[in-house]
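Look for subunit A in each of the two complexes below; its partner is subunit B in the first and subunit C in the second.
Coming up: the complex of A and B.
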């Protein structure tokens, strides 16, 4: 059985193709396509979801995500700076916050904000937008803080030294020199966090909502109640992809572009 | 469908475990029908097929006190006790699965083989009947409105422009959607979240079945049921379409319990009064 290295490689590649073909064939043969079509691709049901699925659900998903991201980003920046602070308690607080909220399921945070806050502070009437901004922001800040901290630390030391030698104060150096460069570095991973956040916005359904406040997931589930097919789930899912796939592509582009720049500096 | 799909898979298992796993995941879309663990209590009747051998799996949505809720680490309630009677008759034990109500009432949970039956304080409606079968009615209910005491809210008219909490997929949601124009309906996932919103004043009131609301106001003296809408509803136990053996079994057990007094005992245990009083 003397096979040259090239022969062996060819056999292995052949086996990989064979496995792929086999899997596809087995799946295709064992699937009841008619049933799948009835369950997921009921065009009448899908048509009935328009235009509300775009004008209400998709719009709300974008609005909620944007609110959460804006609040989360601000909080994350503060946390990142605290994490790098020379004041011990700031570092501990930030560390504690990040570990706590990174370790919790986002769902629990939503329930805690939605039901817990009004229970703990009787008389509070939570505005839905505020509640969503808080819940999504609290969760995403924990993730983004670590990203931003890494970004700040990735800014070459020489930049700080140059700024300081030009007579800039440490605060000015941070604001005008370090943070802008750090954001350039963390733009790709932040875009990734935005994708995750878009999906987390589906948890809004646990806050309760009126018809025109529904985001994609709740809208899809609502439509599911009236339809006898799972098509609404598929339609809602496709709408998420309308948001998330361009973001992913953007993230990849940014990574390629800025990744090169940073590499040249380092 | 299952029988057909099983064969090629098992033939290939040894060859390609991965492929078989993928295929089983896609092809075996109703995991039922293979279980032969139907233990029939009475001889002569057709064996009842169960999704899990030795278990009568009940899909229900917690919390829905006093029909089904958690108490001391166990799921208890009126529905649970009734299903226990069926399970006992079949010689199996009941397995309770807590799942969102919209999956129960759309029939998705039953038709996908997740559960044998659904006893979930569920009203018999025509729409639901299209998707699965109902047992004979076992409980009379009506929609009711819960509000803060002294709020003076006792109808949709006064709730105009205010927020009213409803539970996703319920007949209360349907009723309010049809009959409460101008009222802002806020949809909640389960009864617990809905009642918390009522309690904390996020909404002016909530609509749900009278049974659960009366139970709640007993524990929350600041709140009251200010109106019953007399929707004349009846609860039924849901069973996958075509599972006539189980359906018949449930109906037999219910009839026997009603004539034998067990139904009254269970009713009094959870509602602290006799049926119909």
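Coming up: the complex of A and C.
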């Protein structure tokens, strides 16, 4: 039987929907929902996690991320400026730092900061917050430095020339004209780095902690041990999404808003 | 008459390309000099060498008694007194109009906020844009942006103003408003060096015209001579092209 192109396309699309419906029905009928619910979403277990999952775990994740991001951003700015310096050794140092820490698993850095620092400098016991800030900052700075460098270089040359022609020194030009514009350019990719950092904060697990210092992953893991249900992991996961999805939306918004503005005028 | 600008045997090369091949020129205080010439003749480079946005390869530039080509000169201090207006406006994209006019006053001249804003308002008024004080550069037309750029340079109370093809990036109907501002500035006695393709402006406003070609000043003098009655063949060829761009064949 001959079918026209359009008919054939319709039949194929119909078949695709039919297969989908079939699979859903078969899975739904053959699954023991009682067990799945107990294993993945036990309401009692979930309820038992509140309010600590918010007041302690979510709060700590946000605090750790914020500390790491603040330190990382500052370090990244310094690295980016070094990378663009006219002094050779500064450029090499920055380049070396970036390549080194981008190439290492973040976990290794956490282990190094957590166990290595007390070994290397006997007697120094890093405050947990300081250790986290260092570890998260050291890793994220390597990524953000390259983003910021690209942003600085994306500021049109004419902006620098205009500032210099008004008698502004290279440093003043950088501080008042170039860096503010560079940050507007790199805001979207920087937000993206912040999302990655939020997830990396889970590595705090390897720095050990008391109950009050647990962040989401630790908290979920501990609850998992007691509950014999995956529910805590699911709840912890949802809590991450509460942080990261709004950040992603924000990033998209910023991209749309600033994507054109800067550099559009000659 | 004192010389505001003195240029002595100025050379500038970009790699193997010699763009300026020995320029000697003087500009008196209060004088308006227009620099004309075909593209690639080195006129913009000459202008950019005067405030050393381009570092000259050799030669001397003296502005207001200060030698800018001296390696030990405080270049930022020297540039404070030299305003520059660019072809592409180069308004600071992160600042409002007011911010554009006050940032250098505050960070370089260390003027107080109120004093800087007062100067900014006066200069915006001068270019007819008092109502745009809180606008963002992206909300302005090209002509308005260029007038803000002029006001920004004037806010530093310069002794000399450099204009690098200030109307070349503008739509034709916006050229007039910028030239009008420049003409008023000239009437007020500002010392100006203007790289331009606007022959009518050069003819009417300039005290002197320099015609450049191939990195040298081919002909210099009052506009009536250089534009009205050029003695050099190269000047005549250029002017014929500029003044009669449709190339009417005289035998038609």
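Going forward, the second predicted complex is superposed on the first by the 228 of 266 C-alpha atoms of A that agree within 3 Å, B and C clash if a C-alpha of one lies under 4 Å from a C-alpha of the other, contacts with A are read in each partner's own complex, and residues count from 1 in each chain.
Operating definition for what follows: a residue touches a chain if its C-beta (ideal position, glycine included) is under 8 Å from a C-beta of that chain, and two chains touch if they have at least 3 such contacts.
On a predicted model such as this, the values are computed, not experimentally measured, just so you know.
In the superposition on chain A, A:74 makes contact with neither subunit B nor subunit C. In the superposed model, A:123 makes contact with subunit B only, not with subunit C.
After overlaying the two complexes on the shared chain, residue contacts for A:96 are found with neither subunit B nor subunit C. Of the two partner chains placed around the shared chain by superposition, subunit B is the only one that A:35 touches, whereas subunit C remains out of contact. Set side by side, subunit B and subunit C differ in how many residues of subunit A they touch, and the one touching more is B. In the superposed pair of complexes, A:205 makes contact with subunit B only, with no contact to subunit C.
Within the superposed three-chain model, A:14 lies out of touch with both subunit B and subunit C [touch as defined at top]. Contact with neither subunit B nor subunit C is seen for A:246 once the two complexes are overlaid on the shared chain.
In the superposed pair of complexes, A:27 makes contact with subunit B only, with no contact to subunit C. No residue of subunit A lies at the contact with subunit B in one complex and also at the contact with subunit C in the other.
By the touch criterion stated above, subunit A contacts subunit C in their complex at residues 156, 158-159, 161-169, 172, 176-177, 180-181, 184, 261-266. Those residues of subunit B that touch subunit A in the shared complex are 1, 5, 8-9, 12, 16, 18-20, 22-24, 26-27, 29, 102, 105-108, 130-131, 163, 165, 168-169, 184-189, 193-194, 196-197, 199-203. Remark: subunit A residues 19, 22-23, 26-27, 29-32, 35, 111, 114-115, 118-119, 122-126, 205-206, 208-211, 214, 218, 221-222, 224-225, 228, 230 touch subunit B in the complex. Of all residues in subunit C, only 51, 53, 76-80, 82-84, 86-94, 103-104, 107-108, 137-138, 145, 149, 152-153, 156, 169 touch subunit A in the complex they form.
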